[in-house]
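Take a look at the structures below.
Across the two complexes that follow, subunit A remains constant while its partner is subunit B and subsequently subunit C.
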Partner chain A sequence: MKIKLTKGAIENPLIRQLERVSGEELKRCYQCGKCSAGCPVTFAMEIPPSQIMRFLQIGMMDDVMKANSMWVCVGCLQCYARCPQSVSVANVLEGLRQLHLRKGEDREQIKDVPFPFLKNAPQQAIVCGFRKFVS
Partner chain B sequence: MPRIGIFVCQCGNNIAATVDTKKVAEEMARLPGVVFACDYKFMCSSPGQDMLKQAIKDNRLDKVIVSACSPHMHEKTFRKASEAAGLNPYQCEITNIREQCSWVHHDKTKAAGTAKSIDLTRMTIERLKKNKPLKKINIPIKKKALVIGGGIAGIQAALDIAEGGREVILVEREPSIGGNMARLSETFPTMDCSQCILTPKMVEVELNEKITLYTYSEIEKVDGYIGNFIVQIRRKAKYVDEERCTGCGECIEKCPFKVESQFEMKLAKRKVIYTPFPQSVPNVPVIDAPNCPKIQKDKCGACAVVCGPKCIDFKMEDRIITEDVGAIIVATGYELMPNERFGEYGYGRIKDVISGMQFERLASSSGPTGGEIRRPSDGKTPASVVFIQCAGSRDEKKGVSYCSKVCCMYTAKHTMLYHHKVHEGQSYVFYMDIRAGGKRYEEFVRRAIEHDNAMYLRGRVSRVYEKDGKVIVQGADTLSGNQVEIEADMVVLATAIVSRTGADTVAQKLGIGYDKYKFYNEYHPKLKPVETVTAGIFLSGACMGPMDIPDSVAQGSAAAAKALSLFSSDEMMREPITAVVNKPTCNACWDCVTACPYSAIERDTVKNRDGVVVRWLAKVNDGVCQGCGVCVAACRSKAIDLKGYTDEQVYAAINAF
Partner chain C sequence: MKIPYYPGCTLNTVAKGFETSAKEAALSIGFELAEMPAWNCCGATFPLTPDNLIALSAPAKVLSSARKTGESLTTLCSVCYNVLKRTNSVMKNDREKRAVINGFIETDYDGSLNVTHFLEILRDNIGFDKVKAAVKQPLTGLKAAAYYGCMLLRPFEDMGIDDAEDPVVMENLLAALGAEAIKSPNRIECCGAHLAMTNEDIVVKLSGTIMTSAVRNGAELIVTTCPLCQYNLEKSQSRVASDTPGYAGIPIVYFTQMLGLALGQDVDTLGFDKNIWDARPLLRKKGIIK
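Up next, the complex of A and B:
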């Protein structure tokens, strides 16, 4: 892809908001890739954790917002535990989810969840799942 | 009959594993002339050496052989021990039964290793029988140094030698010392102002009584050898009498002609009579003769009119002076690759594409813009600057294959300077790798990225072009896998550092080596980093390869320490392994003179009582001869022999085989 890099693009207000929401400083990431290397669900992500960081650094917010990565993240904090720069991609992904959810853009509708699943799943999982996917 | 002692070393298991050392000793004991033979676990240990000394005394030995490791390792050790026991050290020889026997013959039955050790030791015995006692050569030392190049490396070397109480001659090609460092704005990683830390050292050079400074001068010719160099220096005509000039600058003021300033990297003009920069040392202007109409066609002469002490002399000519010195330090520094070589970056075509060194001048408070970042085309403050690293470096095809080492760091510095001076500006850096190896260097680069907003993009730039008054930079960000386009107001190239034009000619005058990029070669890249293959000539700074200021200063001091240690005694002892000419058989064909790689052989004459030359003869200069033996092979009348390796000794060894 070809991108036009400008000060405005780098300083995208939505990305600044993401930094505030997540509490993470995106510039800190130096692209070592250790988070992507350790994440148990990298295989299922459209954009792996370290590339999420890079895309955000160079202002490619739209691509990040569209990708499934934030929803696939299981919040295990492996990325944060391993990151040499103490960046928590988990926080960034949670921040991204918040940006969606605060606009009411839910990932799941409770009514769509099959009843047998709701009945059998542990209560903890249901609470966490709703907290993660639903505003 | 000689009284020879043989000492066979086991070197722990290094030798003993595949050589039966006891058997070697027993076999040797049977040979004529051998009065003592033994083997021992570690000959080089203190007990081993004591045993050698004791055996020499007890058995009245007059020659000894240690069959052990390579003579490179312990020849000195055993010769010293022999000397301590009263022998001439050159009556001690080494047989290499480790590298040449045990380490190459893995036969566990020890048959091959033992047989070869016996043969080699036997050969050494015959060779040793022909050994003559030799005496170390004493060379007198002139305790004065010459430093070539007055950049930070040369300045440091000169100051350290002067501090050590010895005289120094500092030769600088330009009208002022200071070198490239004088051009820099602030310096990584501490961001101190370059001029502020450099000029005090420059002034120290000028004031130090032990230092004689020859600026606007170059080396013409170098003769002689360690301790005794004879150097001819060309003092180019400055057209200004240095002794009388007060440095008032009236002449510069009045000179009506201007040309581009090399010091300002063509970002500003200077007068035809000039000092490169205000804090020049010495503060004496020179006339740029090719551009002076008075000198070229006798028109003008304004400077001479206003000069109070009347020290301008348009008829001045170059002078050659001769100096005797004992050591030479080469510190001629570096240059930058011409940026025009990379058409895709647009340098020379697009006004706002500049070099890193030009950026230094823009950022320098004494530079053409007084330290404000303003672009060359229209003087506007650039709102965005793209920095392109590795411009010419790490580019086998069109540039140089090596890394220029300092540009990652100075580019990070540039982004900081830019951010400090233009708060709203955005900088972009295209890089391949960030090389920040050094104390506090990595942290420095992270600071540029995290605190001074530099946007680093991993990839090269393929094209820079102009569109609607903007400079469009087309590059890549391999981390996100994108092609990137940036509209820039200014582009800065981190140009490759290359050797000085003419570095090879200087090296040839001095007889030192250089690599394919014409950077000077150190004797050993790790263990002799400031020495050259020519004894008495040392190196420091970026003339050896890209180097930052801390390293250049460290090397300047290291080279000075080498010179001072040479000057610590009145004479130098040298190994007597040198060539000698047998006068009766030399027929003056001069084959040896041409063959000698060190120019150690002179054409000498024999005169009769009336002073008339009756014969010509080759004569070896002991001070210069390195004992390589090339002349021995070249001489067709076998008139040259190498002491310690005479034909007689070598043939005796071969015959014994």
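Up next, the complex of A and C:
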């Protein structure tokens, strides 16, 4: 893949906004990859956690915003527990979800959640799921 | 002795067996889990974006209400424990956020409540040696794997209940109850949590790894502290069994059910009938129940 780096993309105001919302300083990540190794859902992510960090460092915000990574992260904080730089990729991914949700772009519709799940699942799953997927 | 207790949304309903077994077990070692008078849902998720203060208002309200009548608050559910303890840490250490949240929910809470998990009460207040001395029906010969999941342990600096990579609290409790504690390498991995709502395949894969790894290490039963872990693992059993040759399923129980059993409670009061995968045939085979 050929990537063209531009000053404009790296200074993308949306990425600065992400840093403010998530409370994480993206440039602290030095790409050791321990987050991707420890993350239990790396296999299901279109862009794995460590690459999310790299993409954001070099301004590839569009790719990150389109990838499913933020929606399959459950926030188990294994990435943060293993990070030698104390970066929480989980916070960055929640920040990305929030960038969508704060514009009213919901990931799920309540009506689409299967009724047996709503009836039988622990309430905590439903409350948590709606907080993560619905604005 | 009365210990103020916060049940949260799930323990009064879907995970009733978790609550009843804990309450009965507490009584048989000399204290009462007394449900706090007025409470609301904790929100079931601690916001990972630090500017999302609105999500802290529900747990802060619980904490403030509990502080009016006591100095500590105990939980059973790992998620409640995580949300309440982390919110408490914000209320204690962040003066600006504390002022905003207190202003919003009209309280003056200062973070001075001591939020604990029932496991900590057993380990630090009662002591596992005293729990061991109270055992009437040791779980001899039972190979039980503790499954911690994520919310009980992480992030370490806020939770601090045990080592985040190599916890021992549940293994030590199981050993005190007479069981053989099995350490499985996947015991601190996530079960998939709320993805059960939208992406069952991921939950089945993660839960399957956790369960088959426990079985491979010799476990006959998995012990958990979280209603959502319990649900995800149990619900995934049949699909994991059909995908994994030689895997026949494993009962998933709450640590309080094993505690109650060892302390001599009637097995019918411990909510084993509410679990999808019945642990009683195994316990009968082991001679732990009749």
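Methods note: the second predicted complex is superposed on the first by the 135 of 135 C-alpha atoms of A that agree within 3 Å, B and C clash if a C-alpha of one lies under 4 Å from a C-alpha of the other, contacts with A are read in each partner's own complex, and residues count from 1 in each chain.
Definition applied: a residue touches a chain if its C-beta (ideal position, glycine included) is under 8 Å from a C-beta of that chain, and two chains touch if they have at least 3 such contacts.
Just so it is clear, the model here is predicted, and its values are computed rather than measured.
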{"item": "When subunit B and subunit C are modelled together on subunit A, clash or fit", "value": "fit"}
{"item": "Which superposed partner A:Lys103 touches (first subunit B, second subunit C, both, neither)", "value": "neither"}
{"item": "Subunit B versus subunit C as contact partner of A:Cys128, first or second or both or neither", "value": "second"}
{"item": "Contacts of A:Lys111 with subunit B and subunit C, given as first, second, both or neither", "value": "neither"}
{"item": "Which superposed partner A:Arg28 touches (first subunit B, second subunit C, both, neither)", "value": "first"}
{"item": "Partner with the higher number of touched subunit A residues, subunit C or subunit B", "value": "C"}
{"item": "First (subunit B), second (subunit C), both or neither touched by A:Pro40", "value": "second"}
{"item": "Partner chain in contact with A:Met60 - subunit B first, subunit C second, else both or neither", "value": "first"}
{"item": "First, second, both or neither for A:Leu5, with subunit B first and subunit C second", "value": "first"}
{"item": "First, second, both or neither for A:Asn91, with subunit B first and subunit C second", "value": "second"}
{"item": "Three-chain overlay, closest Cα atoms of subunit B and subunit C, distance in Å", "value": "21"}
{"item": "Common interface residues of subunit A - those touching subunit B in one complex and subunit C in the other", "value": "none"}
{"item": "Contacting residues of subunit B [partner subunit A, same complex]", "value": "383-384, 426, 428, 446, 449-450, 455, 457-458, 477, 479-487"}
{"item": "Residue ranges of subunit C in contact with subunit A within the complex", "value": "8-10, 13-15, 41, 43-45, 47-52, 55, 77, 79, 149-151, 154-156, 164-165, 188-190, 192-199, 202, 205-206, 227-228, 231"}
{"item": "Of subunit A, residues touching subunit C in the complex", "value": "20-23, 40-41, 43-44, 71-72, 74-78, 80-81, 88, 90-91, 93-95, 98, 107-108, 113, 117, 120-129, 131-133"}
{"item": "Subunit B-touching residues of subunit A, taken from the complex the two chains share", "value": "1-7, 10, 25, 27-28, 30-31, 51, 54-55, 57-58, 60"}
